[in-house]
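One chain, chain A, links the two complexes that follow: it is found with chain B in the first and with chain C in the second.
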Partner chain A sequence: MANVLDKLLSLDRRWIFLLVLLCVGTPIVLPIGLPVATTGSTRAAFDYIEALKPGDYVWISFDYGPSSAPENDPMAEAILRQCFAKKIRVIVCAFYPLGGLGLATNSLAKVTAQFPNVRYGEDYVNLGYKDGAAAAMRRLGENIAEAFPADVNGTSLTQIPIMKGVRSIRQVQLVVSVATGVIGEYWITQVHSQIGTPIIIGPTAVAAPKYYAYLNAGQLVGMLGGMKGAAEYEKLLSARYPDMARFYQTTRGFTATKGMDGQTVIHAVIILFILIGNIAYMSRRAAQKKGA
Partner chain B sequence: MHIPGIETWIAAFLTLAAMSFLYKDNPFFRFAESLFAGISLGYFIGITLNQTLVPNLIQPLHQDFAQNWDLLVPGLLGVLLYMRYVPKIGWISRYALSIYVAYYIGLDFTRRIHGEVLPQLARAIVPLTQFDSHTIFYSLIFALGVFSVLIYFFFSKEQDAVTRRVARLGIWFLMISFGAAFGFTVMGRVALLIGRLNFLILDWIYPMVGLG
Partner chain C sequence: MNLEFGRLALVLLFAIIPVVGIALGINSPGLRARIPLLVAFFAGAIPIISLYVPKKFLSGPTGMSPRLDQWLIIVYAFAILLGVVNVLQNSTRKIARRESGWPFSIVLLVGLFATGGAGIYGAVSRHGITSLPDGTATPFKWIQDQFFQPLQSTIFALLAFFMASAAFRAFRARNTEATILLFAGGLVMAGRVPLLEFLAAPFPPLQPAAAGASQALGKLTEWIMDTPNGAAQSGIIIGAALGASSMAIRVILGIERGYLGLGRGE
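On to the complex of A and B.
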């Protein structure tokens, strides 16, 4: 037994990489369909948007890049689907420099293809990317056109019908920041704290723990933590809208719900690794003490 | 069966090149790494120019100079930052940098105090008389955690027998929070692997074997 544990402690880590690859890859080829339980913070986010009226404004900020797209894309797309299904007007922007705008454009193209009645400029607008997130957010509280004089195509905001009803972010009912890194915090501390606009954050799992402090302090109305949060949102959306349920069941594209199979399997394996590693370490230490 | 487009092949090659580092360092990985760094920089320059400098500075000056002449000031400060590349007049860039730093200190100061410290401090001070037993239990744990961690980080006085015990409790709270952060980090990193494997299997391999 001691021999086996010693071998495990000196195992080439590349075997573990291979095992992780198999554990994550197998559920993609052979989906398991494990259940996803919803949590309070995700339900609060979903219910808040459900309570909005048709014609209300939701500002969705794409504050992430391709490096966290598997976590953040499903969140952003699920929220866009909910907004369009409820005829809520959506203003999109990006504050993340490396790919935020590209991902916003891709997600909008993907989701609006499912809603043929939704028209650009009337039901949604893409304001593009802006440098200096914190400073730009401060301007949004006074005049959106000072931070974003034109949309992503260079059209002046005065010529875009959807922007006629909203001069500053004070007239927006909700801000959703799908975020990696610090930009989500700027929305809370610059916009919510200074202006009072309600905020929902969809952070990557790595960033999620720090947002619990804001959630606990009542500075967020809801939060979707990582891929798990996105999968919960997809479940809530499917339960509320039968069309969405059909879409999420039949799409060949990537969804967070599909990703959770691999997550669950690999988490079980990692817990096993931690247990084995600790047992091997402690038994070796006990053997060394005995020998001393 | 259909052969995926060239963009899918490039993306698949670069994904495998990046992942090959897990076996050992190799020229394919270094090529992918350098390419990524170069493309990121080029993309950043392009997007800042097109989405920020043109609509917020160049267009307003071009369309209505009399109304927007004040934009020349931040524009000039931006140009001054690049003076550091001219050794003889490099000192000029410090003026622009000092204004930039001062602005963000002011912005961040109010952000931290008004947006983080005060609201979270207010949440940490809750009356225990107005809640049910469940909320009181969590509030007590919360208060205990805040107090013991603060004691742990109090370095102005040497710890005695009592404060050492409280600080030790603070370490336990910190360890639990690090554990939670580690769990989330594992989930985040696995999510990225899931995203890449989904792409390799569903967008690259499946169409080639007639399953896409």
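On to the complex of A and C.
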């Protein structure tokens, strides 16, 4: 037995890499369709947007890059779909320098293609990227045009119909920050704490633990934690809107629900690795004690 | 009248005083150190005072504090320029000296100039950096979609392989603390995904029990994240904020001077 465990511990790491590749890749190609249970923080986020009225404003900030897109893209796209389905007006921006704007543009293009009645400049606007996230957020409280004088195409905000009804972020009903790093915290400290605008955060699973402190303190109205949160949101959206259910069941594109299959399998494999590693470690330690 | 006072004060504090200081500091090392301290004091003190003193020249829409915020956005943009200069200096030096890995520096510089050039072209041609009116991608967006995004995704995806390997070789219950961490980590990993349903999938009679157990595990996971994790995170956040505040006070009062990069005797 000890011999087998020793052999396992000295296994060439390329075998482990191959196993990981198969465990992640297979469920993406051949989805299992595992059930996803919803949590309170995701339901709170969904219900808050559901309670908004048509014509209300939601500000969605793309504060992540391509490195975490498989986790964050499904969140942003699910929230965009919910807003457009409810005829909520959407203002989009990006504060993440490494590709936030590109992902915002791609997600908007993907989601607006599903909603032919949604018009740029009337139902949504893309304000583009701005450097200096915290300082820019402080300016949003006074005058959005001071931080974003024009949209991503260079059109002045005064010429964009959707921006005529909103001068500062105080007139926005909700901010959603889909975030990979510290920018989500800036929204809480600079906008919620100083201006009072409600915030929903969609962090990566790695960043999610710190946001529980803000959630418990009542500084967030909801949170979508990692790919699990995104998959929960897709489930809630599918349950509420039959069109969305059809879309999520039939789409060939990547969704968080599909991603959860791969994540479940790889979690099982990693837990198995940890167990094997620890059994081998303990048996080796026991043998050493016996020898001594 | 108040507004003009604010403007004049900003020009005096952040333009006239620094320029005079630089001029006088050429012959006086002591003065060269004191003028930046003065600028740092006012840059730090004005936003704080504006929170407590509701005067228009300080915190009004065009007051001193909002103007400093606007300046900060511009200063951030210059930080990017500083980064570009740094990359240029380091990479050209590496190429000139044929240091180890110098061909990668050529790739870096080509990427920098191609992407930066495409961005500047987008600004000059007024096409922007996203899509053209006919829906096709601008050169900048093409580079981003075809190179930057796949490369970033690939680098991050490699993490899964190393994490699995590290879990196998390094995540050990060596002492009490490590055992608690291992146990809590294992529970959260199992509870955040439908693991039990997955394991019970080949055994239909076990599936209802697995679903019930999975629900209980999910609730336990949420409790771990909400309560012990939430409490610890609050402590960390409060501690970090207090640390940052004390450091800010040290900088504002001129006790902390490391950022000035001064030599001995200055």
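Quick notes on this one:
Here, the second predicted complex is superposed on the first by the 292 of 292 C-alpha atoms of A that agree within 3 Å, B and C clash if a C-alpha of one lies under 4 Å from a C-alpha of the other, contacts with A are read in each partner's own complex, and residues count from 1 in each chain.
Here, contacts are C-beta pairs under 8 Å (C-beta built on N, C-alpha and C of every residue); 3 or more make two chains touch, one makes a residue touch a chain.
This structure is a prediction, so every number in the text was calculated from the model and none was measured.
In the superposed pair of complexes, A:Gly259 makes contact with chain B only, with no contact to chain C. In the superposition on chain A, A:Ile270 makes contact with both chain B and chain C. By the document's definition of touching, neither partner reaches A:Ala239: not chain B, not chain C. In the superposed model, A:Gly25 lies in contact with chain B only, and not with chain C. In the superposition on chain A, A:Asn216 contacts both chain B and chain C.
Within the superposed three-chain model, A:Ser68 lies in touch with chain B and with chain C [touch as defined at top].
Once the two complexes are laid over each other on the shared chain, residue contacts for A:Thr39 go to chain C alone; chain B is not touched.
In the superposed model, A:Lys228 lies in contact with both chain B and chain C. In the superposition on chain A, A:Gly99 makes contact with both chain B and chain C.
Put simply, chain A uses residues 17, 20-21, 24, 67-70, 97-99, 101, 128, 130-132, 135, 138, 147, 152, 154, 205, 208-209, 213, 216-217, 225-226, 228, 263, 266-267, 270 to touch chain B in one complex and chain C in the other.
Partner chain A is touched in their complex by these residues of chain B: 22-23, 40, 43-44, 47-48, 51-52, 55-56, 59-60, 103-104, 107-108, 110-112, 114-116, 119-120, 122-123, 142, 177, 180-181, 184-198, 201-202, 212.
Listed in rising order, the residues of chain A touching chain B in the complex are 14, 17, 20-21, 24-25, 28-29, 67-71, 97-99, 101, 128-132, 134-135, 138, 147-150, 152, 154, 186, 188-190, 192-194, 204-206, 208-209, 213-214, 216-219, 225-228, 252, 254, 258-259, 262-263, 266-267, 270. Across the complex, chain A is touched by residues 61, 66, 69-70, 72-73, 75-77, 79-80, 126, 128-131, 141, 144-145, 148-150, 152-153, 155-156, 160-161, 163-165, 167-169, 171-173, 182, 186, 189-190, 192-195, 197-199, 201, 211, 214-215, 218, 222, 225-226, 229-230, 233-234, 236-237 of chain C. The touching residues of chain A, when paired with chain C in their complex, are 9, 11, 13, 16-17, 19-21, 24, 32, 34-37, 39-40, 65-70, 97-99, 101-103, 105-106, 109, 126, 128, 130-132, 135-136, 138-139, 142-143, 146-147, 152-154, 205, 208-210, 212-213, 215-217, 225-226, 228, 260, 263-271, 273-274, 276-278, 281-282.
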